[in-house]
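Next come two complexes built around chain A: one with chain B, the other with chain C.
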Partner chain A sequence: MLIKDGIRMDGRKPDELRPIKIEAGVLYRADGSCYLEWGGNKIMAAVYGPREALPRHIQDPTKAIVNARYNMASFSVEERKRPGPDRRSTEISKVTSEALESVIFTELFPRTTIDVCIEVLDAEAGTRCAGITAAAVALADAGIPMRDLPVACAAGKIDGTVVLDLSSEEDKEGEADLPVAIAPRNEEILLLQMDGHLTYKEFEEALDLAIKGCKEVAKLQRKALLNKYKTFEVE
Partner chain B sequence: MDIPEVKRVSAVKRDHLARLAKEGKRPDGRGPDEYRPIKIERNVIKKAEGSARVKIGNTMVLAGIKLEVGEPYPDSPEEGAMSTSAELPPLASPEFEPGPPKPDAIELARVVDRGIRESKYIQLDKLCIEPGEKVWIVFIDLHVLDYDGNLFDACSLAASAALQKAVIPNERYGFGDNEPLPVTSPPVSCTFVKYEDFIVVDPNLDEEQIAQARFTVALDKNGDIRAMQKGLKGSFTIEEIKNNIKRAQIHAQKIRKLLEE
Partner chain C sequence: MIKEGSTVLPGDKVAISEELQPGEGTYEKNGEIIASIIGRFRVDRQRMTAIVEPLTKIPLVLKAGDTAICEVKQLTEAMVIVRIIHIAGNKRQIAGEKDGAIHISNIADEFVDDIGKKYRIGDIIRAKIIRVEPAIQLSTKGKGFGTIKAYCTNCRNPLIRKNDLLECPSCGRMEERKMADDYGEGNLDRVI
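Coming up: the complex of A and B.
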C-alpha cells in the first residue's frame, strides 16, 4: 500500500514535491556550479567551457559540443557501486547531453566543448531529473547563453494513482515512472522517458503533472541564481 | 588517442612565485608553516555508513565509507579488510579527465590507505564475522569535488573523519542492530612541497604546479611516523626531510584537535 486516502507513505499529497534546496556557484575551480538537494538526493554539478575541443578531430566547425557526464559516487547507494560508468549512467549522460544541448546557443562557440559534470553524491530516486535541474543552474552560473533554463521532474503511478516526484519506495513498488525535462517558457519537451504501464489517459494526466512539477522547480532554480547574483548589485 | 597532460603555468606566475619565495613569502600571503582554514563536516551522506566533507581553503573532498560482507584474505582469516580508492572527477578541475583512475589518483589513494592501515586506525581484528569465511570489508571512497591543491591532506583528513563516526550496517545484513565501527586514534597527514629551495606546508594549486618535490608524512597520536611518501621529480636533502617531519609533528597536533572536536 503506497497511498491511502490520498496521502502517500511519506505524508505527501499526490501532486506534492519532496523538499528541494538549490545553491548556485558553490565550486571554486568550475566555470559554473550548483549544489542541489532533492528529497534524499544530493547532487553537485559543474560546467567547464566553452573550451577548445580536444582531440581536434572531435571539433565541430559549426557549433559547440555539449558533453554531459552523469556519475554516481560509489557511496551514494545502499550497495557500494563500483566506480566508473556503467550502461545506466552512460545512457543518462547521453539523454542529458541531448536535453541540455537543445536550449544552448551552441552555434556561438564552434570547435569547443561545453562539459557538464553531474556527480550524484547521495541517491534516492529521481537522480536524473535532479541532475538535469542542477546542470541547468550550473550552465547559467557559467554564463552559457541559453534560450531557456531547462528543468526536470518525474511523475508516476502508484496503486493506480498518478503522482508527482516518486520516492524511492514508490519507484520500486509503483507501476510507472515518467521523467520529463522541459524548457518551461514554451513547455517544449527536452527529455522524456518512461517505464512501467500507463493507459493513454493516465499518460496525459502524468505528463500534465510532471510539467506542473517542472514549473514549480523552475521557480527554485531562478531563486537560487538570483540569490547568488544579487550580492553583485552596486549599492 | 591519449593527450599528454600539460601543466601550463605561465612564466609570469612562475617568476612571481619565485620572487616571493626568495623573501620567504607565499602567493596567498601565508607563512611557510601556515595551513589554510580547515573545515570538517561529518555524516553528510545518508546512504554511506560514514562520511565527511573536508575543506582546506578552496579544496573540497568528500569521503564515503561503505561496508560489505566478503571473504577474508587467506593470510588473515580472522581479520576484516579495507580498500581505499580515489576519484578525481572532471567536476573538480579543468585538468581532470573522465576514465579509469590515473597514476595520480592511485598514488593518492594508496598514500591515504597506508596512513590508516599502518596506524591500525580501523580495528580489523574486530571485523570478523565467521573465521575464514565472512568478514567485513571497509571501502573508503574519496571523491574530490574542488581541486585547489593538497589533496593528500584533505583526503586523509576526510577519510579519518568519516571512519570516526562510521557504523557497521548489521541491520542491512540481518545481523542485528547497527554498531559503531571500531576505531582507535586516527593518523594525521601533513604535506609539504619544495620550490625555489622554499619548503611550505599545505601547498595551494599554484604552488603545487611549480613544485619540484613533494613530501607527505602520516603521524599517529604519539607523533610517531606511520607512512611517508616523497613525490615529484625534484629532491630533498636529508636535513630537509628530517626538518619536514619535525614541522609535521607540530601541525599534526593542531589538526588532531580538529578531529577530536
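Coming up: the complex of A and C.
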C-alpha cells in the first residue's frame, strides 16, 4: 500500500516534490560547485575547467568535451557499496554528460574538457535527477556559457497512480520510474529514461507531470544562484 | 527589453532581436536575445548590443596583453618554445592551447646573438602575450619580464642571483640569463 486516499506514505500528494535545498559555490578549489539536498539525497557537484584535455588524442579541435562523472560514496546507501565505477554509475555518467553537453556552448572552448564531478553522499531514489540539477547550478557558478539552466525531475507510477518524484520505497515497490531532464525555457528534453511499464496514456501523463516538477525545481535553482550573486547588486 | 542592471541567469530572455544585437554573455535564438551566463544586463548604446557582465569567475581564455608564467620547453635557432602554466592574477586553469613561442627579436630590448645565453630548457619565465592568433606569441622585452627561476645546466639546482649573473650554489657554475628584476622572489601573480 503506497498511496491511500490520494496521500502517499510520506504524506505527500501525488504531484508534490520532496523538500529541496540548493546552495551554490560551496567548494573553494573547484571552478564552480553546488551542494544539494533533495529528500534523503545529499549531492555535491563540482565543475573544473574548461581546461586542457589530456591525453592529447582525446581533444576535439572543434569543441570542448563535457565529461561528467557520477559517483556514489560507499556510505551513501544502506548496504555498503563497493567503491568505484560500476555498470550503473558508468551509464549515469554517460547520460548526464550528454544532457549537459546539449546546453553548454562547447564550441567556444576547443581542445578542452569541462569536468563535472557529481558525488552522491547520501542516496534516496532519484539521484540522477538530483545530480543533473546540482551539476547545472555548478556549471552556472563556474561561469560556463549555457543556452539554459538544465533541470531534472522524475515521475513514476505507484499502485496504478502516476506520481511525481518517487521516494525510495515507491521506487522499489512501484511499477515505473521516469527520470526527465529538460531545458526549462523551451521544454527541450535532455534526458528521458524509463524503468518499469507504463501505458502510452500513463507515459504522457507522467511526462507532463515530470516537466511540471522540473519547472518547480528550476525555481529553486534560480533562487539558489540569485541568493549567491544578487548581493553584488549595488545600484 | 528588461531593465538595465538587473541580474540574469543562463536562459533568461533579455531583449528581442529588433532592439539589440547579441553581445558578450548572450546569444540569439528565434528572434530573442538570451543570457548565457550569470551576470548583470547592460546595453552598449554605441554598438546597440546586449551585454551580460559576468558576476562569476569566467573561463580563462588567453588574450593579448596577459602576463603569463611559462616553462621553457625547447630552444631553436630563432625561437624559444614555452608552455604557459599560469596567468598572473587568475586562479583558473587555461582553456585551450598552452604552447607559445618567443621569437629571438622579442626576447630582450637589445640585440640577441645566442638564445642559449638568454634562456635554457626548464627555466620558469614571465612573459607578455602579444598575439594569440594564429599561434601564441610572447615577448620578454622590458625589465619585469624574463626568468624568475632558472636551473643549473650542469646539476639542475636552482640558480642564485649574483649581480648580473646567476650562480649555482652546489657546483659554483656561473650562467647568463635574461632575468626579470624580481628574479628568485617567486612573484607568480605580478601583473605588468
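Assume the second predicted complex is superposed on the first by the 234 of 235 C-alpha atoms of A that agree within 3 Å, B and C clash if a C-alpha of one lies under 4 Å from a C-alpha of the other, contacts with A are read in each partner's own complex, and residues count from 1 in each chain.
We take it that a residue touches a chain if its C-beta (ideal position, glycine included) is under 8 Å from a C-beta of that chain, and two chains touch if they have at least 3 such contacts.
It should be emphasised that the depicted structure is a prediction, and the values quoted were computed from it without experimental measurement.
Asker: Classify the contacts of A:225 with the two partner chains as first (chain B alone), second (chain C alone), both, or neither.
Answerer: In the superposition, A:225 contacts chain C only.
Asker: After lining up the shared chain so the two structures overlap, which partner does A:192 touch, if you call chain B first and chain C second: first, second, both or neither?
Answerer: neither
Asker: So, A:122: does it touch chain B (first), chain C (second), both, or neither?
Answerer: In the superposition, A:122 contacts chain B only.
Asker: State whether A:109 touches chain B only (first), chain C only (second), both chains, or neither.
Answerer: It touches chain C, and chain B stays clear.
Asker: In the overlay, answer first, second, both or neither for which of chain B and chain C A:76 touches.
Answerer: A:76: touches chain B, not chain C.
Asker: Contact-wise, after the overlay, does A:48 reach chain B, chain C, both or neither (first, second, both, neither)?
Answerer: In the superposition, A:48 touches chain B and chain C alike.
Asker: After lining up the shared chain so the two structures overlap, which partner does A:9 touch, if you call chain B first and chain C second: first, second, both or neither?
Answerer: neither
Asker: Taking the superposition on A as described, I'd like to know which of chain B and chain C A:84 touches: first, second, both or neither.
Answerer: first
Asker: Shared contact residues on chain A, chain B side and chain C side combined as an intersection?
Answerer: The overlap between the chain B and chain C interfaces on chain A comprises residues 48, 51.
Asker: Taking the complex as given, what residues does chain A use to touch chain C?
Answerer: Chain A reaches chain C through residues 31-32, 48-52, 64, 103, 105, 109-112, 140-149, 183-185, 222, 225-226, 229-230, 232-233, 235.
Asker: Touching residues of chain B toward chain A in the complex: what are they?
Answerer: Touching chain A from chain B are residues 1, 3, 44-48, 51, 58, 60, 62, 64-66, 68, 85, 87, 89-94, 98, 100-101, 139, 141, 143, 145-148, 172.
Asker: For chain A, which residues are in contact with chain B within the complex?
Answerer: 27-30, 40, 42, 44-46, 48, 51, 54-55, 69, 71, 73-80, 83-85, 115, 117-119, 121-124
Asker: Considering only the defined contacts, which chain C positions touch chain A in the complex?
Answerer: Against chain A, chain C makes touches at 5, 7, 9-11, 13, 25, 27, 29, 34, 36-38, 40, 54-59, 61, 92-98.
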